[in-house]
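This report concerns only the one structure given below.
In order of appearance the chains are A, B and C, and numbering begins at 1 in each one.
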């Protein structure tokens, strides 16, 4: 993609120039570019947000190794918001007034990002998020997300059921988080488009230790597959319950850390499918621009973290690269300039897919980048 | 006992008929008839678990009870300790029930909790300080930091602030040195001689009998005997009652 | 003599402390500390202002809790429920129905009081553990309602765009304005609680705190005053909830989670339960302390935990209690 190459070339050119000039630059202009992360390093978002933070750091390190951005080293400031909105407000504030961060590339605690959004907007700092976007127009103006639309994960699963199976009735099993609720709504809305019928919608809580009641209800309603939406240990619980009930239903789960899926696959075998992002199935991907970009990320990532799941971290990497592209294109690290230039990014090849931002659309992934995968013999396999 | 101490028998001030009490399913007090005459000091004796405290609690209505209790000729409500207290039947509970973190002053004020008239309140303060000069010295001290004897004085003083028509005391000597007990009991004698009927629950029978006009002896939740203190000649004789 | 006899007595009762300069100092110390912290935040602004603003809101919340737990010696794990009712009432009514700030707050207050009455009337007859468990359930159920009733509360998505604090056209939007408004609210709360404590009602609370049976024997209607204490604490809880949503501009169920209960209990015990200054000092210290340890990074929680334990060892009656203890020791 020419656009992508352009940007990379620009980055490289700038980096090289910066590196050469580094010796003669006055100290003030070499002041670090500060990226702030409000992340739930503890609390319910810990797994995801720690990965996101590490991805941001890997990206910053990679850029710094090439001389930083426009002659400025990147410095990452991380504060733990404990997955709580009130803490998030405090740490956002701390990073703005004490650390003087230039831009936020914050984690996945939606409520925390929402709670701080109006304050951050008032300070005219852009935020590149891992969570869904805030609701208020004045706040969305300053917020961008690397998160694909909620529907993509659902549609990928529906496509598979439509194309590869004769299952036409499905049940939805979801937790009450905002992202899961969004997916649930999409599932109900688009099922008909895929010739499917949602015959049961059941909810559970993240710490439930048994889901057999919900699963039995869905089975009794005649579903041939369960669309499970939500993270964590409940996926394994659902798998065990399915087995105990001797159910023939397939289980198709949403995006998740691969580590969670291996024991699930041992329980359910070929009745288990999951939505995966491209970085999780890197080895099975055919050569493409996406694969090349993932490769750039996976090199340093694997060097540092081995086979730790790259999904959330790769989005953090994308968050940094998008922000840096906006800075380089606008030749400015001022908040409003970054904001304006993120809105101009189109056709940007990231590790998760291609990002297209506009003034009206702050959710950059517009084409479904996901694949449906399964685990056979300890190997992740793409099924569609 | 001298004639001056004799009760004025104008009919009982407090009269319980068939009063019994239970904690859940457990009968703690078998039906008992109990009387206090005007100006009388009645002792309630008996070993641990005899039902002495339960009797007092039943009179107040602090425990599930059955039977009738009349005070100054009118029936007392059976399940409403607040109403009973407002009629002038005031209990100094076991363990004193003083409010440790509060000052002596605040404790005493709580005794006159229902009173709004400042001058009347002052009169009552004066009366308490006359009986217990030591409380006046310690008005600003927290009650919890005082000695056991002083706390007991405070508990009685607080009860007097409510201007009782009859005073019920549950083991005021508990945990106190003999000398202090004597002092407290002596004060109760003074109060009683001023005309205040008193019901005194005690384990230390000899001391109580010195003051009392009559004594009820309880054991295992039953009335064993009504004793005339003048007839009790020796400790042995009392022991016979206990183990009869 | 112009003073009434009972005033004279009151003076006498307080004489030992009042006479000494140290006594004065000891009583003023917690307030001075609080004033310094708020003053610092006012001058420095920024991040300190945010931390102290939250602390002031918590000071009101914990002062309310203190009426029930400190003055009346009951236990409630459900105080967050009332903050949630106040907070959500303010949030929903000002955003969805465009009510004014004060009417919305008033509606939240009325809702919280009504809920406290309905819940308190039966549960306050329970004793000890049963009451605690019942109040814990109230908090958890309210949280669940905030999550599940998404047509009104938007569930985990939360409600944003809540207008800032303001009255009659004046809005508190800058840090300093917010801090001043909150400080005024805290002062009003403190004066109200102090007044309650000194009143007949307060004496009745203290009485049933000391011994329910003794209180009953003195003619205090225990059930009625327990309920009144519960209602008062619910009222302050609701106000704190409303203030929170207006200051942050956003509300979601997590704000009123178990975390809030744990935090407020810590504040109450660190500050000094049953004292007037305790909740304010506790809220400020417990909010500011972890921030001062933030530089320790991974050891932040460890340092904070250690500091809390040390505080509770050396000041078991809380910081406010510590000052009075010093005062008592020095003026025998």
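Note that in this section contacts are C-beta pairs under 8 Å (C-beta built on N, C-alpha and C of every residue); 3 or more make two chains touch, one makes a residue touch a chain.
Keep in mind that this is a model prediction, so the values were computed, not measured.
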item: Chain-level touch network, classified as line, ring, star, complete or other; value: line
item: Most distant chain from chain A, judged by the mean position of its C-alpha atoms; value: B
item: Cα-centroid distance, chain A relative to chain B, in whole angstrom; value: 75
item: Rounded Å distance, chain A centre to chain C centre (Cα mean); value: 39
item: Touching two or more other chains - residues of chain C; value: none
item: For the chain C and chain A complex, residues of the former touching the latter; value: 45-47, 49-51, 54, 147-148, 150, 155-158, 160-161, 244, 248-250, 252, 254-255, 257, 259, 291, 294, 300
item: Residue numbers on chain C that touch chain B, as the complex places them; value: 4-6, 9-10, 12-17, 200, 203-204, 206-207, 209-211, 213-222, 274
item: Chain B residues within the chain C interface of the complex; value: 60, 62, 81-82, 85-86, 90-93, 95, 97-106, 109-111, 113-114, 118-119, 121-122, 125, 139-141, 158-159, 162
item: Parts of chain A lying in touch with chain C, wherever the complex brings them together; value: 79-80, 82-86, 89-90, 93-94, 96-98, 110-111, 114-115, 117-119, 134-136, 138-139, 176-178, 181
